[in-house]
Each structure stands twice: as C-alpha cells, then as structure tokens.
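Both of the next two complexes hold chain A, though its partner changes from chain B to chain C.
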Partner chain A sequence: MRRSTRDAAVTSVMLAPAVLILVVFVVMPLCVVAAYSFAQRDAYGGVVPGFTLENYSQLFSGLYWQVFVNSFQLAAWTTILCLLIGYPVAYFIAFRAGRWGPALLVLMLVPFWINFLIRISAWVVLLGRNGLINGGLTAAGLTEAPVGLLGTLGATLVGMVYAFLPLCVFPIYAALQPLDRRLIEAGADLGAGPAETFLRVTLPLSLPGVLAAALFVFVPSMGVFAIPVLLGGGKDIILGNLIVQLFLEFRNIPLGAAVSVAMLGFAALGVVLYMRALSRIEAMR
Partner chain B sequence: MTVEGLGAQHCAPMAPKSGAAAATPAVELLAVTKRFGNMVAVDGIDLAVREGEFFTLLGASGCGKTTTLRLIAGFELPTGGHIRIGGQDVSEEPAYRRPVHTVFQSYALFPHLTVSENVAFPLRIRRLAAEERRRRVLAALDLVQMSGLQDRRPAQLSGGQQQRVALARALVNEPKVLLLDEPLGALDLKLRKEMQTELKHMQKRLGITFVFVTHDQEEALAMSDRIALMHEGRIVQVDDPTGLYNAPVNRYAAAFIGETNLLSATIDGGDDATLRVRWLGHHVVLNRPAGAAPSGQAVTLAIRPEQIVRAPSPEEERAGGLAVDGVLTESVFIGTDLRLIYRVETGETLICRVQNRAAATPEPGERARLLLPRGALRCLTS
Partner chain C sequence: MSGRPGWVTRRLVYGLPGWMTAMAYLFLLAPIVILVAFSFNEARSTVVFTGFTLDWYREVFADRNIARALRVSLIVAAASAGLATLIGALAAVAITRRRFPGRTLLATGLAAPLVLPEIVLGVGLLVFMSFSGIRLGYGSMIVGHVLVTIPFATLIIRAAAASLDPRIEDAAADLGADEWQTFTRVTLPQLAPAIFAAFLLSATLSFDNLVMSTFTSGVGTTTLPLRIYSMLKLGITPEINALGALMVVANIGIVLIVMGRYLPLMLNKPRPVEPERKN
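The block that comes next holds the complex of A and B.
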C-alpha cells in the first residue's frame, strides 16, 4: 500500500467513532426536528407526517415575534454585561496575575463541577426574601423590609452573567495572553499613556477574542430557559420557555420544532457574522 | 543609504535642538542599579552620553546592556540611582513622559496598522493636525526610503523593510535621544553592513543622540563615536573605538574586543615612570601603568596579532621589545588575512596576523623569529 493511501485509511479509522457519534446524536436529531417542523399536529398532540409551512407562518406572526425580540434583548444585555465584566478579568489574569494566572483560570472552572441547576438554585436562595443579600441589607440598616429581588430582570441578568462569564473570559484571555508585550511598551515609548495604549493597541489586537467571547455568550443566551424561569419568574416569554411549553404543555411538537429551527438559524447567523468580522480583522493584519 | 536624496525641508524638522547647553549630557546615569529579585542586572553604573553622539553599549549577552537601555527608555525603573535626560531627572517618570523613542530588536510594529498609520502613531498621540501629520509621515518614510509602501501591513514587509518603518516611527516625533536595541540583529550579513552605514549617516545628518545596544564588537567599532563596554552589570571601559581597541584597560576588555595575545608575565623592577617586565626570560621596559606594584607582581602583557613582526629587521629589533623564536603550528586562511599560530619556547602560543599575499603562504613547521615591539605591548594589571 502506498504511504498516502495507508495514512488516509488510518485517518478514516481513527475518525470513524467521532463521526458516528456526531451523526447519531447531532445530525440525525437535527434532521428529525427539522422534519417535524414541517409536519402537522393532530388533536391529541401527536405528529402527522406531511409538508406544510403553516408552523413557520404562525411563527412570524405578531405573537411569537415578541418572543424573539425578548430573547434577543436578554441575550444582547447578557453579552454586553459579560464583555464589560469579563474583559477586565481576562486582562488582569493575562497581564497582572503573573504566576497566579493559571490557578485563577482553574478557579473560574470550579463552579462547573456543580450541576447547573443547583448553582442557579443557589442564586434563588441568595436573592430570596429571606436570603443572604436581603438579610445583609436589613442587618446593615439599609432597608427596613426585604427587597423583592427575585422575579426581576435584574435577577435574571445576574444569573445569566454568572452562568456565561467564564465562556467570555477564556477567549479574551486567549487573545490577550500571547500579545507581544513589546507592542504595549512601544505604545508607551511613542508617548501614549496607559489608557491610550489600551485603546489604540491592546483592545484592537484583542478584538478577535472579544468577538469569540460575544459569540460564545450570545448563542447559548438565546436558548436559555432555566435561568429566566427560576430567577426572573418567567414573566417574559423567551425562546427557551416557549419551546418547553410548546413541546410539554401545549403538545404542539411541530410548532415547537419550528421555533427550535428558527433559533438554530439565529445561532448560525451569529456564527456567520462572527466569521465575517474575524476574516475582516485578519485581512487587516 | 545615500542621504543626498533628502529634501532640505524634510530634514529640517529633525535637526538637533541647539538651545540646550552643549555641556549638558544628553543622557546621564548616576550610580544606577537595577535588581530583579536577587539578580543584579545593572550594578551602580555611571554614564554620560554627549549630545549628538553615537554611543554604543557593548557586551556579551547578560551583561546588562539591554536593561540599561530599558532603564533609559523607562520600561524599567531603577532600584537605585538617577537617570537624567537633557539635564532633567526622569528616574521616576514613566516611559510615555520621556523624550526618547526606541527602535526595538523585534521592531514591535503594530500589526493592525498600516505602515503610515504606524509612523503616524506618535503624531496622533500628540494630536497633530491631519495635514501636518501626513507631511511628517511622508518625510520620515522618505528618510528611510520607504515611500510607496505606506498602505502595506507590517506582515507584508521583509525584515529589512520592517526595520526601516520602525526607524521612521521612532524618528518622526524628533526625539532628543533615539534608543536602539540590537536593531540589526535579525538582518542577514549583507543587509546588516548596509544598514550600519546608513544608520551612521542618518545619525550624523540628523544630529540626534543615538544610544545603541549591540553584542557585535565589529558593529560597535564601525558605527560608534564612543563605546561603553559592559560586563556583569558594570562598565568596564568607556572610550572611542580606537581607544577601546588599542588601549584596553584590563584583560576582559583586551580579550573581548578583537583578538589578543594575553601573556602571563612578571614585574621585575622599574622606577616611577617605567616598569621592567619579564616574560619567558626576556625583559622589556614599558611605561608604568596605574596600579602596578614595584616588583614580583604577576601581570598580563597584551598584544594584537597584527602587531607582531615576523622576521624583524635588525633596526626593528634594536627599537626594543620581546623577541622570541617560534615554530608555525597552524596557518588559517581567513580571506584578507592569514592567521598564523606559533609555538614559542615554553609551549606558549602566539597568534600572529598577516595580510594575505598569494605569493608566500607559510607552511606549518616553518621557524620564524617573532618580535613583540615595545610600543605594541600593553601591561595589564587586572
């Protein structure tokens, strides 16, 4: 056998398990969802195979449009807040933490060892009427009665930022860490103070990481469902809740599938925009 | 480069400021020390760089020359001592408030900016008007012969071109002092030689004080007005190139610059002004160097290979020096010169350098009388 043919054969064998897993657990379910989104529902909540665009036309009617807007707003705010908090954290770890940097990164991952729902439930306890924060405020004499923290947009955002912040810190850190320190010195050498050096040198050079961070936070934020329900009281319907309700409560599986496909489309759009922006930045180098 | 092509208005804004008093050093280091943890990188050095001179910090890697430059630039703050630039104490000033610019070894061009944006960077910081900015960027690019490549990104340039852009960026703001950290280190030999001449001409033309760091002694000798030879965080000798080569102050300086025969000898008498030195049973009378003990002290005689006379005439021998017989053990052809290694009486070797004349290449085994002329011998006590 020629070397290249053998290499190709070895590669195929090595890749086979991964490809198989992806096909069975990602591609096929997606195809099923996509197929359902064109099907119809019968009176008992079953799926009638067929082809109709009715689900999609229903989706883009006024009622559901508001759900997309709600989700988009929540995801946008989460992304902005994550970037505003995550950038300084990443900057600190990359430039100032010295030999503690790797340890700090590991510490950021520690919460992931605990189940997501448990962590969010912890916030319910913290923010509740008899929770730690209200207790602290009352004890400090700042408030007389407990403040209603739970069930607000603020509580939702706190939970969202808490959940997605590490996804934001890591790509920014990865962009800052290898940045040539001489470039920052060159900025100072040419007369730019720390703020100006940051704005003209460090920030532009870390932009690919910022874009990746935005994508990593925005896409899962669009599909989130537990956090707004548990912390925000589920007042505003967002895509995540809608899908759950359509599947489990209304038993309208085809419409739920259509919403899922639309959400996937949003995520894909995000990725495309990210790739575009990235290649534009790369072309500038 | 040929600087003739420069328009007069181009170099006008870069002319030296004549206002400052000539006696004030451009850069002055007073007992400057820099420690990193337990490691002493710079050990209490004193240095005065004159205005408008091409000053080189020379030394092997780890001698503290780059740290010294970084202290002047302000990237490091001294652990002790004072730094003055143009008479102003800047010891505690951050880099961006110092009137110096640096050409980095790695060039440190901003990869996200074009050539002209890179050069315009310091002008933007100073909020210069767009028109003035454009004019000066073009003049600076013209100076380094990089006109026409304004819109390229650094990644699209060769090493030599990047280096020119780095130079233009550092010069465009008319710094009082330009610091250069081994700027030619990454270039190949031919380009390196060209840039040496070009930099030297540019420096003379602009009248800016250059503080240049290199480990390459040839480069230092070829370019500098004065050289500070550094070793283990200290300054060994500050001198002009001829002085450093012809009159090294100690064994280290003699061995670092060029090739030297270092001979172990003993002081064997002398008076207030002179010194009798014994080497292999021969005696020579030399001028007394500072710090030489009266008698019995071990000293080192240093002589450059090219100053040893092979087969001296009787007149030459009568003029004084040490004359010994040697056997040629090795002859190395190095282009313009021949490097001849002789073994003398007690087994010591003498390296001798003669110009390559195709007619007579000596063969190993050849015996020759070698004269170490009195005037070429230096007696080193440390």
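The block that comes next holds the complex of A and C.
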C-alpha cells in the first residue's frame, strides 16, 4: 500500500509539468479565443464581452470569404504539386536508389534545417527583376525585358511547394520503404505490366503515406503568412495573413478569433477526413 | 492503355522517377547554393558575379540589430529547448513506463501541437496573455516555443524509452539498486543520446521559429527570424545573403554533429529478424 501511494506520487510529479503546460497554455487559451470569437470589439481595439454571431457572419461576406477561397485554392495546389513531385522522389529513394538512399534522405533534410526565411529569401533573389531567372530568360532570348515574376500567385506557389516538399516526401517514403517487394514481383509474375503493377499494387499500398503527406501539407499551408507577403507581394492573402493582420495590425481581436476558430475547424476536419480515409483503406485490405 | 508501349516510351516511364528526383533535388538545393555564392558578390546585383568580397559579412557583424536579435534568439532557444526536453523527458518516461489513468489522452495531448495550426496556438497565447494582463516578452515567447517543440522532444524520448530492454532495469533492481539509483545509473544513461538529440532538435526549431514568435514577442525581444522577416519586407540586400549563408553553415554544422554521432549507429544497427510470414 505504501509503495503504491509513493508510486502514484512519483508519477504525478513526473506528469505535473506536462499537464500544467497543456492545460494552462493550450486548452485555456483556446477556450478564451473561442469565447472572444463571440464578443464585440470596442473602438480602441479592446474586447467587449457578450454574445454575437456577427464575427462569423462577417466571415461569409465578400472580402473575407475571398480569403477563404484563396487559402483553399493555394493549399490545394500546393498539396497537389507536392504530391506529384514528392511521390516519384520517395519512390526513387525507396526502390531505386540502393545504397544512395540514406544519403538522398539526409540531403532531403538539408533544406529542412535551414531557416525557412533564408530559403524564401533565396527565391526572392532568384525571382527578382534583377534575379538569376530573369537574367537567364533574357540571355536565352525568351524575353526582351525582365519579367515581373515576384508578386505573382505563381511565385507564392513556388515558395509554398519549396517549403513543403520535404514534409511530403518523408511520409510517402515511410509507406513505400517497408512494402514487401515480393508483392510487387507477384504482380509482375501474374502478367501485369509495370504500369499496371504500380497502379494496382504499389500505389494502393502506399496510399496511407500519401494521405499523411497531404494532411501535413494542406492544413499548415493555409496558416503560412510569410510566403504570400514576401513572394506574392501581399496581393493574394490567405488565412495566415488575415489572422496576423486582424490581431497585430487592425486590432480586431473578436474577428481574428473567429478566423482562428475557423482555421482550427479546418485542421480538425483534415484530421477527421484523414482518419476516415485511413480506416476505409484498411477495411479494404 | 492500348497495346504494348514502345521501347522508348517504356524506357522514359521507367526513368521518370529518377529524372523527377534529380529535378527535385536541383529545385531544393540550387537556391541555397546560389544564395551562398552571391553572398560573396561584390556588386549589389544578383545576376552577374563581378568579384569576390567579404564586405557583406563585415556588414552583418557590424549590424547592432542583428547582434541583439541573435542574443534574444539564443536565450529563447536555450531556455525553451531545456524546458521542453525536461518536461518532455519526464512525461515520455512516465508514459512508456508507468500506468496511470488518462495515459493515452496525455500522449495525444503532447502530440497535439503537431496537428493544431501553430498560428492558432500563437494567437491563443497572445489573447491569453492580454486577458490575464501578462506583458509579452521572454516569458511568453519561451512558453510559446516550448509548445511548438515539446511534441518533437516527447516523441524522440518516447521512442528511445520504448526501445529500452526492461530486463536491464530488473537486473539492476535484483542487484540491490533502489528505484532512484536504477533511474539515474541505468535508465538515464541509456536515454542520454535521445535526450541530447531532443534538446538539439528543439533548440533548432525554436531558433528558426517565426510564427509563434510573431505573436508572442514583446518590446525588445525581437528574435533573429523576426528581424530577418522585417529586413526582407523592406527589400532584399546582399547583407541578408551573407547572414543566410552564415546560418546555413551553422545549421549544417549542428546537423553534422548530430548525424556524425547517430547516423553510423543508425546505419549499422542490425535489422531485427522479421518473423516468417504465413501465407
């Protein structure tokens, strides 16, 4: 008996800091944000407690709704491009790279370890009016004068894919790598061509990794704010920019809280969809 | 698909992953190489390399604001990584070794900041601080960075704790060691590499953090990424290239230290024997 009480005491001491930090700095703040999203603002950027749905109804009005559409489109394109590029890369590392596999994986980590802003600034340099890409285009005779590459949606998209590609390769690689090679060989033995083997054996088996990759890319990409500002010129803003502006520039905390709750909703929806798709895939096997 | 594709087509399709991989690595790594190369460029231009210079590096080292921001970043990274590693290690060992009600809930909770959008966590802290009247500064920023890094610290240490052989601890107990002695002399030394890795990863993530810092920094606690962000918004200068190149070298240095220690271990680790599959 004495031993078990002592054991329980040790366990609580070990857990107390983690529980404390989660409750005080995650759960409680999120509750405050949720409560504020129903409040009103006063003229000085403060919050007037109360209950109104005005903030949420504002989200569906023209300008703000456009931000949601922008975010969704940009996140969708980023995810699609990352998967289209990331899948072949993961496939190559898992099946073809042989003893170079570990080295390629480490190289894939390198951009990950370099400050995100520095990597984006490299693209500002490359895409700039006096940048290397414009220089190349002019030298090749494709364009006469430098083209405005920065400040376009395309530049934002390049930056997004650049930032999220490594996050996409790893889950797909993790799903492909342990695949039983004998299953793939069996497909070939049963008379399927390489394309058919890939579409009917390899791809379905790696779908959980593809789904995880999509989850890792889609949800966080809506919350990015630096890339649309630095590469997109701040023209097509997304949810991340909206949250930064509402909290730090316009001081409209209730509306910002409503946008944050919506963002949280998207994240939750993403996780739920992922779980459902995953269990459906598993049920099919 | 109609008929058999020709030899050329098959060859192209087979080679596709290889080509895509080469292009992807070019896409990922070339900008970094170019950034480093142009940090030595004499001219302000970023197209033509006119001559070698170290002027931009001199400018970086002379920049008071950068020095101050670096100091803030280092303080926050060391403090938050230390806290995240300590809290994460205690929780990780408890989760893998002890039974208590709500174990899965806590494990999920500690991984939650991975799925919760960081920007919402940042907003939450900002609102919470103003709600409870706490001034933004080192405190709020360190707490914010602990939230961002604790999932990684916990996951790394949990993985290591789960792979420990409990029989070694039983042996220590059999040989007369009490619980504390077993923990400090047997369990902890075995976990030390993972704890070190967790600390370094947390420190790096904190050092690079922009989103959480945007919402939790106060007057006088501008971190290096925040400083770089405002410099970039004003326009790119070769000074940023030089600063970036320095950070690239520092980051790769840290990675090499970690990898140099663990990569050989990881690669030489004997693969577990797979149980025979029954078909």
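As a working rule, the second predicted complex is superposed on the first by the 261 of 285 C-alpha atoms of A that agree within 3 Å, B and C clash if a C-alpha of one lies under 4 Å from a C-alpha of the other, contacts with A are read in each partner's own complex, and residues count from 1 in each chain.
Convention: contacts are C-beta pairs under 8 Å (C-beta built on N, C-alpha and C of every residue); 3 or more make two chains touch, one makes a residue touch a chain.
Owing to the predicted nature of the structure, the values given are computational and were not obtained by experimental measurement.
When the shared chain is aligned, no partner comes close enough to touch A:173: not chain B, not chain C. By the document's definition of touching, neither partner reaches A:164: not chain B, not chain C.
In the superposed model, A:38 lies in contact with neither chain B nor chain C. Of the two partners chain B and chain C, more chain A residues are in touch with C.
Contacts of A:88 after superposition: chain C is touched, whereas chain B is not reached.
In the superposition on chain A, A:64 makes contact with neither chain B nor chain C.
Taken together, the two complexes place residues 180, 193-194 of chain A in contact with chain B and also with chain C.
On the chain C side of its complex with chain A, the touching residues are 1, 4, 10, 13-14, 16-18, 20-21, 23-25, 27-29, 31-32, 34-35, 38, 45-48, 86-88, 90-91, 93-94, 98, 100, 106, 109-110, 112-113, 115-121, 123-128, 131, 143, 146-147, 150, 154, 179, 204, 207-208, 210-211, 214-215, 225, 228-229, 232-233, 236, 240-241, 243-244, 247-248, 251-252, 254-255, 259, 263, 267, 277.
Residue ranges of chain A in contact with chain B, taken from their complex: 180, 182-183, 185-194, 196-197, 200-201, 204-205, 281, 284-285.
Interface of chain B with chain A (complex): residues 73-75, 94-96, 100-102, 104, 106, 108-112, 121-122, 124-126, 153, 155, 169-170, 173. Touching chain C in their complex are the following residues of chain A: 7-8, 10-11, 14-15, 17-19, 21-22, 25-26, 28-30, 32-33, 36, 85-86, 88-89, 91-93, 95-97, 102, 104, 106-111, 113-126, 128, 130-132, 134-135, 162, 165-166, 180, 193-195, 219-220, 222-223, 225-226, 229-230, 240, 243-244, 247-248, 253, 256-257, 260, 263-264, 267, 271.
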